[in-house]
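Single-structure report; data block below.
So that you can tell them apart, the chains are marked A, B, C, D and E in the order they are listed, and the count of residues begins at 1 in each.
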Amino acid sequence: MLKILGYINNDLKKITLNELSEEYSLIWIDCYAPSDDELLQLSKKIDIEIEELKVGLDEQEVPRVEEEDEYYLIIYKAPLFEEDITTTSFGIYIKDNIILTLHIDKIKSIGKIYNLLKTKKPKILLDRGKGFFLYNLLNQITLSYSKIILNLEDELDKLESNLLQDQNNITGEILQLRKTLVYFHKALVSNKDVLSILKRKYLPITTQDDREHIEDLYYDTLQLIDMETTYRELLVSMMDMSLSLENIRMNQIMKVLTMVTTLFAVPVWITGIYGMNFKYMPLLNNPYGFWIVMGISAIIILILLYVFLKEKWIK
Amino acid sequence: MLKILGYINNDLKKITLNELSEEYSLIWIDCYAPSDDELLQLSKKIDIEIEELKVGLDEQEVPRVEEEDEYYLIIYKAPLFEEDITTTSFGIYIKDNIILTLHIDKIKSIGKIYNLLKTKKPKILLDRGKGFFLYNLLNQITLSYSKIILNLEDELDKLESNLLQDQNNITGEILQLRKTLVYFHKALVSNKDVLSILKRKYLPITTQDDREHIEDLYYDTLQLIDMETTYRELLVSMMDMSLSLENIRMNQIMKVLTMVTTLFAVPVWITGIYGMNFKYMPLLNNPYGFWIVMGISAIIILILLYVFLKEKWIK
Amino acid sequence: MLKILGYINNDLKKITLNELSEEYSLIWIDCYAPSDDELLQLSKKIDIEIEELKVGLDEQEVPRVEEEDEYYLIIYKAPLFEEDITTTSFGIYIKDNIILTLHIDKIKSIGKIYNLLKTKKPKILLDRGKGFFLYNLLNQITLSYSKIILNLEDELDKLESNLLQDQNNITGEILQLRKTLVYFHKALVSNKDVLSILKRKYLPITTQDDREHIEDLYYDTLQLIDMETTYRELLVSMMDMSLSLENIRMNQIMKVLTMVTTLFAVPVWITGIYGMNFKYMPLLNNPYGFWIVMGISAIIILILLYVFLKEKWIK
Amino acid sequence: MLKILGYINNDLKKITLNELSEEYSLIWIDCYAPSDDELLQLSKKIDIEIEELKVGLDEQEVPRVEEEDEYYLIIYKAPLFEEDITTTSFGIYIKDNIILTLHIDKIKSIGKIYNLLKTKKPKILLDRGKGFFLYNLLNQITLSYSKIILNLEDELDKLESNLLQDQNNITGEILQLRKTLVYFHKALVSNKDVLSILKRKYLPITTQDDREHIEDLYYDTLQLIDMETTYRELLVSMMDMSLSLENIRMNQIMKVLTMVTTLFAVPVWITGIYGMNFKYMPLLNNPYGFWIVMGISAIIILILLYVFLKEKWIK
Amino acid sequence: MLKILGYINNDLKKITLNELSEEYSLIWIDCYAPSDDELLQLSKKIDIEIEELKVGLDEQEVPRVEEEDEYYLIIYKAPLFEEDITTTSFGIYIKDNIILTLHIDKIKSIGKIYNLLKTKKPKILLDRGKGFFLYNLLNQITLSYSKIILNLEDELDKLESNLLQDQNNITGEILQLRKTLVYFHKALVSNKDVLSILKRKYLPITTQDDREHIEDLYYDTLQLIDMETTYRELLVSMMDMSLSLENIRMNQIMKVLTMVTTLFAVPVWITGIYGMNFKYMPLLNNPYGFWIVMGISAIIILILLYVFLKEKWIK
């Protein structure tokens, strides 16, 4: 699917591949899960080999900056909202007045930029050139990570209070969060490297101002890595604690079972004894026999209860 | 909330935003959880962009030193006393004769400095200039970490003796301490980096003397990191041990259960047998039948007790 | 087993050891699990010491590039499909117009290259010289890793849903996957080092073009390492979770056991009491005795059920 | 508590603070847990600021070498024998002909040096100057670590055989050892850094010979770190194993319980059935009824025993 | 115990300490667990201080190369076959035409070299000088590690299949292997450092050829480290899995117990009810009473069995 926006004289037009021209001060081509045919056409029009374009469509590609003779390629990782939250790679190709974003998965941040352009502020985003647009794109993605990670904090707090209050099984949720954080860690660390290159290197696509903006993004990413690492360690602690709590609960259950079994072992045996059909048994014909036997049973039960109480099995 | 103190000719005055002037040798503005309006005014008066000020209010910001053209910004992490003890970032802006501390969370150490100034020793803290005041601020924060970590040591000792003596569940407390230490570790390591820059770099805001003081702080922070790491490793050991102890306790409980069940299995069966209503059963009419059966039961129980004793199930 | 292919004037011939000559623009000797005799002959014909050749046959050898006076030796690790998927080392010797691959285990990728040459595209693979053929060889191996790792992703997803749905034991499969990933990690990291040398160093066996191709391989390998690490961490999380789930299941089972035992403890004791053969027992001759006793039993059972419900043992 | 020894003309005298003079070729002041007053006096006499002296009394201080204008300060960590074996920091101040050791905790090695001086060999230790005395001090401490760590080895062996033989709970002892090793690791690693500086740097307080001795100490410390790390890893393995063994023991216990319960379930039910008071029950009046029923019970028990044997529950 | 071999004119003689002379082209002194007297004599004859020799006898010494004025000392770690397989340090002193190996533990590889010299090939090993002999010594030790590690692979495979098939306790064996690997890891890493110095540094005791041989050893050691690390990770995985399997087995046992208890709970209660001696009970005199009650019991048992089957407790 191809969406192309051309910016000329403070005006933003939706154009087609055939209308690409150098008149526009900036053209943004967003290419999402293209068909083979679309890719072929795109390759022809902007004159980048189809093999090179396919690199941008590989969702596992390692983030990096590639300086080719004719264009720049930036591979970057964005959050991917599927069943779980993981990450996906996408490619940003910058050539002359064209910025091409190429991705196989749906990336929310790109949709957001598109909406911003269509509705409100094309001028603000596009007047300052390619480098600034690039910064805005990367910024949206960083914000997207940021939002999810801040959400995680709330989820962590909820999990923690769940853990301490009742016996719900939080293992599934912990696994989910750990998975997301594992993906985020990898993604953020390699994004950080990309930003570190973009902020340091004097690429012709960025101005000094852009580089300063990107430096801010760099620190934001560092901060996200820091938070994410903290949360990951807390999750491990919580997993440990959850395991320990399950053991403690098991202990409680076993104590109940053992108490019940122990309390009634002798009394039941006694009733069994007097249920035997021997002709001659002591106390059998004694009018107080029943009460004597029941009294002994009661005393045994009381002694055992006292022992359990002293051993703190009953609290 | 804004609190402004101006120091002039050995005299400390509480002033307002409009009274800021270069007459004062040192002005300290403490801005805690400012309203949008306060922030706007502050921004105008001291001529730092509002966007820049907001950096100091982000409680997740990464500690660092930023040298801008007009001012210096130091982001630092302080302990945060909420439900759990975690950490929070705050900003110190130094511009001309103004030191501005900007924070969204309540920071005890800043309150303490404020009280010190108001009650006793403005002269000692303020006569030696901005760098020395900055040192005192950072020092208070380091002391605050220090106190908490020393407290942790006592708590660890208490936990350890709890662990060895009875069966209280210490998992919740271990989790709490681990959480605090995870936050402290991140905070102290990045604070250390800030101090390392402040002690090395010849910034115009610090004198040689200040830098030497800050070097001491640097070593104090190293020491705190060292202690905190040690305590973290001990907590992991204790968690392991707690898990193991729970298993051992479970084993004990299971042994009691198994012993009780095993002891009475055959005797109860025997009483069941002689409780059956068959007309013809051996021993039934034998006057010693009851005693023979009871004797056999007793022997079985004694043999089993002997086995349990030998297997060290009973100690 | 020796297979030798000679390429001359766009023509590919299957030749023998004795037909080796400098006429061919490229000769590929694939030597798989050679007999001592074959190895001796090979050593004589291509004039590399037999000791040196044995290095290539050691399946544990560390991947590296060795520049000898007369030839180049590249040790590389390929996936090995046996019971489990592990890895094996093999040697690539490059001398004059000869490329010799020497391996003790069956390597699928080499078989694939051989088939490609025999069936379809000798010209494409061989026209561009030794360096390009080497690149194709290494590329096939990287693709082979890639396929397996992508398969792993599916297996991981399957494991995860298994984990959450029912109580199958997935431990064995997790162990299998972890084993494969441990081997892959070692292999990919050392392969990466080999590729890093090949892409940087101006060896006479590679052209600038070849080095650029190898650089792509280098990034592909980085990407594989990244994926493999991610999956390894997920496997550890899943192992943790599996352990926790087993504990939770045990808790459930113990609860059932404890409930059943507790529910019937008193009612069974009561029936035992009224099964005793005392002459004088209360209620015994009361016509409603049976119903009174049964009513008491029922009430006890109902109270216990209510307690279990409140404690959330029954959901 | 202050102990001062002055060495002059091969003669060792116990002197007081007021007798300090430059006549002595070497003066050793050992100051253990000084009162405020003692510290004040000491500070005056040797002309080091009291704040600086307090650094040496902080038991948590990070080991390091500080070169001040007038004196050298070495912070070093020694083993501390309290309830558990942990570590403590102490300060060595070297100024002119004075060596001052300042410590808040009792340090055995210093006591040992003191005894050596008082009883036997003042000449050997003191004739070769400050550097050599310093070396001897540090050497005693290293020996002290060494002895404890070698003891640990024996304890580890004992633990291991305990682990494999019977069911004593070794968790407490493992925790103790882990704690000691965690402290030792931190201490030895920072001591190593101190020694590394002392052996490399041309400080005026050490001769070439002293530096060579200190280099030996450096290697000894490396060796201790190596041993300590090994033991720590073994402790973790043993903890894992202990956990696993407890699980296995639990399995054994549960098997016994399950066997007993299962063996008697049906036979007890059968006796219950024939204990019912129905008028009409099969076999009731059959003279062989009792034996038939008992035979069936015996067969059931034998079948179950056979099953348990086949499933290897009974070995 | 001292064994001395002198090599002169292609002839190998067993000589004594007094016969040491510079006539021999090479003298090998193997000194195993020497008495104090032997050590004293040795020290005198070869003129190395006794303190220096004792370094070689310390089994915990850190491997390294020391260049003294008069001689070279190489500390190296060899496998030690005692109860478990661990490692031990020994010293190789090279001075003039003398190679002295000094060790407190029995080292198999040295015995093997000795046998090789005595029986077959003195010429091959000794003609090429000290460096080559040194290489052969180190090579034997590396081979010794190699053999043990290859054995480990088989043991690992055996453990793995044990793990998957039946319920033997493999924890003890895993602990054993982990212990060996922990010692090997430390030893191989420091040996690698020694080899790295020997292969790089132009010591007068090695020729260019020797250094090339040692480089091969260096790669062999790298390979061993690689294998050993892999096996260690696999052992941890297996330990995890073993723990998990024990839990699963426990679950199975608990299920059996719970099923048996649950199946008979109600039927046994029913028999108890009809075993009570009330005069008036329903069905008691009904000729089908017995069959009705037994039928109800059977139906309850069948329903429960169906539930267990559906819950997959019975498979």
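FYI, contacts are C-beta pairs under 8 Å (C-beta built on N, C-alpha and C of every residue); 3 or more make two chains touch, one makes a residue touch a chain.
Keep in mind it's a predicted model, so treat the numbers as computed, not measured.
*Asks:* Which angle of rotation, from 0 to 180°, maps the CA atoms of chain B onto the equivalent atoms of chain C, to the nearest 5?
*Replies:* 145
*Asks:* Indicate the whole-number Å distance between the mean C-alpha point of chain B and the mean C-alpha point of chain E.
*Replies:* Taking the mean C-alpha position of each chain, the two centres sit 41 Å apart.
*Asks:* If you average the CA atoms of chain D and of chain E, how many Å lie between those two points?
*Replies:* 25
*Asks:* What parts of chain B, by residue number, touch at least two of the other chains?
*Replies:* 243, 247, 250, 254, 257, 261, 268, 272, 275-277, 281
*Asks:* Which order do the chains take around the ring when read from chain B towards chain D?
*Replies:* From chain B, continuing first to chain D, the chains appear as B, D, E, C, A.
*Asks:* Touching residues of chain C toward chain E in the complex: what are they?
*Replies:* It is residues 60-62, 64, 166-167, 169, 171-172, 174-175, 178-179, 182-183, 186, 190, 239, 242-243, 246-247, 249-250, 253-254, 256-257, 260-261, 263-264, 267-268, 271-272, 274-277, 281, 283-285, 287-290, 293-294 of chain C that touch chain E.
*Asks:* Which bits of chain A are touching chain B when the two form their complex?
*Replies:* Residues 160, 163-164, 219, 222-223, 226-227, 229-230, 233-234, 237-238, 240-241, 243-245, 247-248, 250-251, 254-255, 257-258, 261-262, 265-266, 268-269, 272-273, 275-282, 312 of chain A touch chain B in their complex.
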